[in-house]
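Below are structures written as structure tokens.
One chain, chain A, links the two complexes that follow: it is found with chain B in the first and with chain C in the second.
== the complex of A and B ==
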């Protein structure tokens, strides 16, 4: 595999006493579509802004295509297409004027491509930007991010503000134009169903830490829910990778990462259990709001099987 | 070829696509020699990651169901080669195992205890065995 297109190493950032990113490390191979998942305030936007050299990190190292944005932000920005979360554009310009205005900043700007995109996204090229709908502004931001054929594209919550049909169109463009042209895409999102279909791999960011990375298939293979009776495992210590525990009277339903090992132990001990496949949604939830304090401690009755 | 993806369910997308393509091949809706849509075309149509489609086609090719001809496309192979049958059997069994899991799960949700489920399994299995052996012997006689 080629060198990573985006490399993040031990990144730290605080705002005052609040640690926003804590030792975040990430490698995104060239050509991969990578989704950054996290709740509001998890640190996604901060990380993206550091990647573009818009704000400095407290410590750690970042490279995009081998270039450090903290040292050479302009080169990085010429290689990267960026859609900000709250893209502010000159309301008095028209979309076509904006494209003409931006073109000289990018040696590789493609005016035909820009016009083509405006047309396909149904953005009136000669109307005032200030009068565009929310969805149209997002799409215009995308046009601007993509029109210089960047090898790396970073999109901060591109789906936000798009209606379901526009989102599907956007995802289709992402698949058709960016993935097939070998572009590396990093985007943040809350829409896990869509992420699952489109992304190669995901990272779950929670309270400034990356709690899990992996391809979507791998996550589904490794994170499982297990159902069994409380008595059968009572008194055993909580297994490694335990994410969430839910008790329903004498039944226990828990979600566990890298479950294969634990399931193997259950089978070896002859403990009755069910393994349930989870959706990406449920996996995400387990990582960010999972609670493990309900793991049964003492055996509920003396007849319980010893571990 | 018609593929419909259900989102937000626990079946991975790659498996959903593979199962539907496989089912259509086995049912003869896609004939041997037919060309499947290109990776890019199907990715676009389904709004699914290009690499996912590549993986699905590669898996189906490994099963001997289709053949990926470089630069030409992916073509459905004629059925009933031994590899095909073995792979088919394997997948039928996997599918069965998933259905079985669902049945057991439903039983638990309905409040049936595991010993009860086990009793049901034993009874059903012995009934089914007698039935199958009867069918077999009557086939032999005729």
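== the complex of A and C ==
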């Protein structure tokens, strides 16, 4: 396996007494589209700013393409295409002027490519940026993030603030580009539907910690919802990897990570159950807002089976 | 209603405390200066300081009154409350008026105590024929002195309130606090010019009465004189000032009502522009010129020129407009209008340049220190220092070349028949340095506080405090930059040009070095995505 394009090792960052990142570690292989999932305030933007060398980490190591952004931030930034959430550009410039302005900063800047994408995205090259629609602004941000053919692209909640149709359109354009470019993409978002279409792998960041990482297929395979009757498992201890529990009268619906083993035990004990596949959205929800207090306790006068 | 008043009090009390401190210190300074120099001019001194305060406070409070809720994003919340927007507007503007007026009243009370106790004395009112200079005039009775003080206090308050109200009304149409601040700076300076309109030549009391009802500041004028040690501000008051002030009350009420009406409709204005709704923008001519920028420095210089060029050009045009107005309203010698305008330009640009240097300094940095543009900018492969210093130097060069350089070239051969007309070597040696210092102060204020208008205010205030500190003590009074300039100019007009005299190398050397040091300090604060003050910047998630 080749060296990771992005490597994060034991990263820590605090603002005063508030710990924003706690021992975060990640390895993103070259060519992968990696989604960093987290709620607002989870620490995604802080992590990205450290990756770009914009702010220093308290401790830990970061490397992009083998370069430490804390040591050589300018080289890192010249190799990275970055699109921030709610990013603004000079409103008085026109898109073509912005491209001309940015060209000298990147030796690999491809003006023809930029023009081509401005045209493809329907961005007027000579219109003031301040007069562009929100969707056009985000797409322009994508154009300038990609026009120097960066081997690594970092997108920090790029479609935030767009309406659902504009988001879908943006993601369609993004997928179209990513399929042909072969670059490594770190895509931070809290909108799962947009990530699901593009991501090869995800990491879930919650309160500054990575709580789960893996490929999207692996997550879907391993995290399942199980439906069964409450009585059948009453009094048993909560299984390992339990993420969320929901009771509906005598029925129990719970989500469990690495479910294969537990499902095997249910089968072995002959407990009737249903296994439900989950979307990435539901998996993310279980990790960050799942509650396990509703796991059934031992009933007063029953002899329940124990898996 | 009680809740609205409580909210307004909570929002304004901090500023009220700052403004109170400002004006009480101004009163103490007026008293102290009078005690130190004995010109018998505390009321004139206080009048000048009050005028400066009311303009600054009016601009600042109008920004908050008209745009505060839009900037904070609380407008829709306010609109959803079970109270009319007009009532909210009335409380907002009422709070602003009280915040502006109370400090002046308190400061006037402090000065009146000093007058009443005989601690300081005021000379008698200035006549139209002002041959006896103020130090030679008789001391006024206490009653006369207090009436003079009451007059200048009322004029300053009414003038400030009018500026506040007019700015607030226009501010409702604008899009940001910074735009209100810029408009306020222009209107504040414009009102200072306009208030002198009927003070030159023969006095016309009835014209002043009517004009004063519309523009209360015009009911008083400051005449400043420099003596060998120190200087003083003599004031002159319009004859029917109290009638004019009485007539101005309905004018103020009408403008206040306009604000209430306008603010009541602000919810609609706050909506984003829809297709078909007119928004002015200049044609993007530069975009069609296929310029190829070779190298990072070229690209950065191009960017900064595109940003600073229009700003400084506006400043030059503004100064030109003021010079034209002053030529048309003040009697000049037997020169053509063009020659008179060119002769007036150095004096005009000297003070417009001070204001505009702060506008350029704060305007250039404010946008890129905003996290949204900062995120775009800081992710580019360019070091913070390169970005900062390129911006700093290009902006400074634009100020010095466009404002001072053009004026020096254009006015060099213009008539020089009074201290306020024509170009001089003293100007060349002094004012570019002062403008550079104010530019650097504004950059520092903006980078530190991340608020362009407050940053510009801090620059002007900082410079004013520096001057006050120097002129307070007879020992250092001669080191006041303006005193040095005046002394150099006086020598030059007498036929001696020597920039090594009157402490010029020391004073202006210190100012030049300070400009560089201020830039250096600013560069430490100019990190768009990093915090300076916890209060002023947002944490990333």
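Note that the second predicted complex is superposed on the first by the 290 of 307 C-alpha atoms of A that agree within 3 Å, B and C clash if a C-alpha of one lies under 4 Å from a C-alpha of the other, contacts with A are read in each partner's own complex, and residues count from 1 in each chain.
Assume contacts are C-beta pairs under 8 Å (C-beta built on N, C-alpha and C of every residue); 3 or more make two chains touch, one makes a residue touch a chain.
From a predicted model like this one, the values you see are computed outputs, not experimental measurements.
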Fit or clash between chain C and chain B when superposed on chain A: fit
Chain B versus chain C as contact partner of A:180, first or second or both or neither: first
First (chain B), second (chain C), both or neither touched by A:271: neither
Which superposed partner A:43 touches (first chain B, second chain C, both, neither): second
Residues of chain A touched, compared between chain B and chain C (which is higher): C
Touching partner for A:199 - first (chain B), second (chain C), both, neither: first
Contacts of A:30 with chain B and chain C, given as first, second, both or neither: neither
Chain B versus chain C as contact partner of A:263, first or second or both or neither: neither
Which of chain B and chain C A:246 touches, first, second, both or neither: neither
Chain C, chain A and chain B - angle at the middle CA centre, rounded to the nearest 10 degrees: 150
Overlay on shared chain A, then closest C-alpha pair between chain B and chain C (Å): 27
Those residues of chain A which chain B touches in one complex and chain C touches in the other: none
Contact set on chain C toward chain A in their complex: 279, 281, 284, 286-288, 291-296, 298-299, 302-303, 306-307, 367, 370, 372-373, 375-376, 378-383, 529-530, 539-541
Residue ranges of chain A in contact with chain B within the complex: 33, 168, 171-172, 175-176, 179-180, 192-194, 196-200, 216-217, 220, 227, 229, 251, 272, 274-282
In the complex, chain A residues that touch chain C: 15, 18, 20, 40-46, 49, 52, 54-55, 74-75, 77-78, 80, 82, 84-90, 92-94, 96-97, 100-106, 125-128, 130-131, 141
Complex contact set, residues of chain B against chain A: 5, 7-14, 40, 43-44, 46-52, 101, 104-105, 108, 114
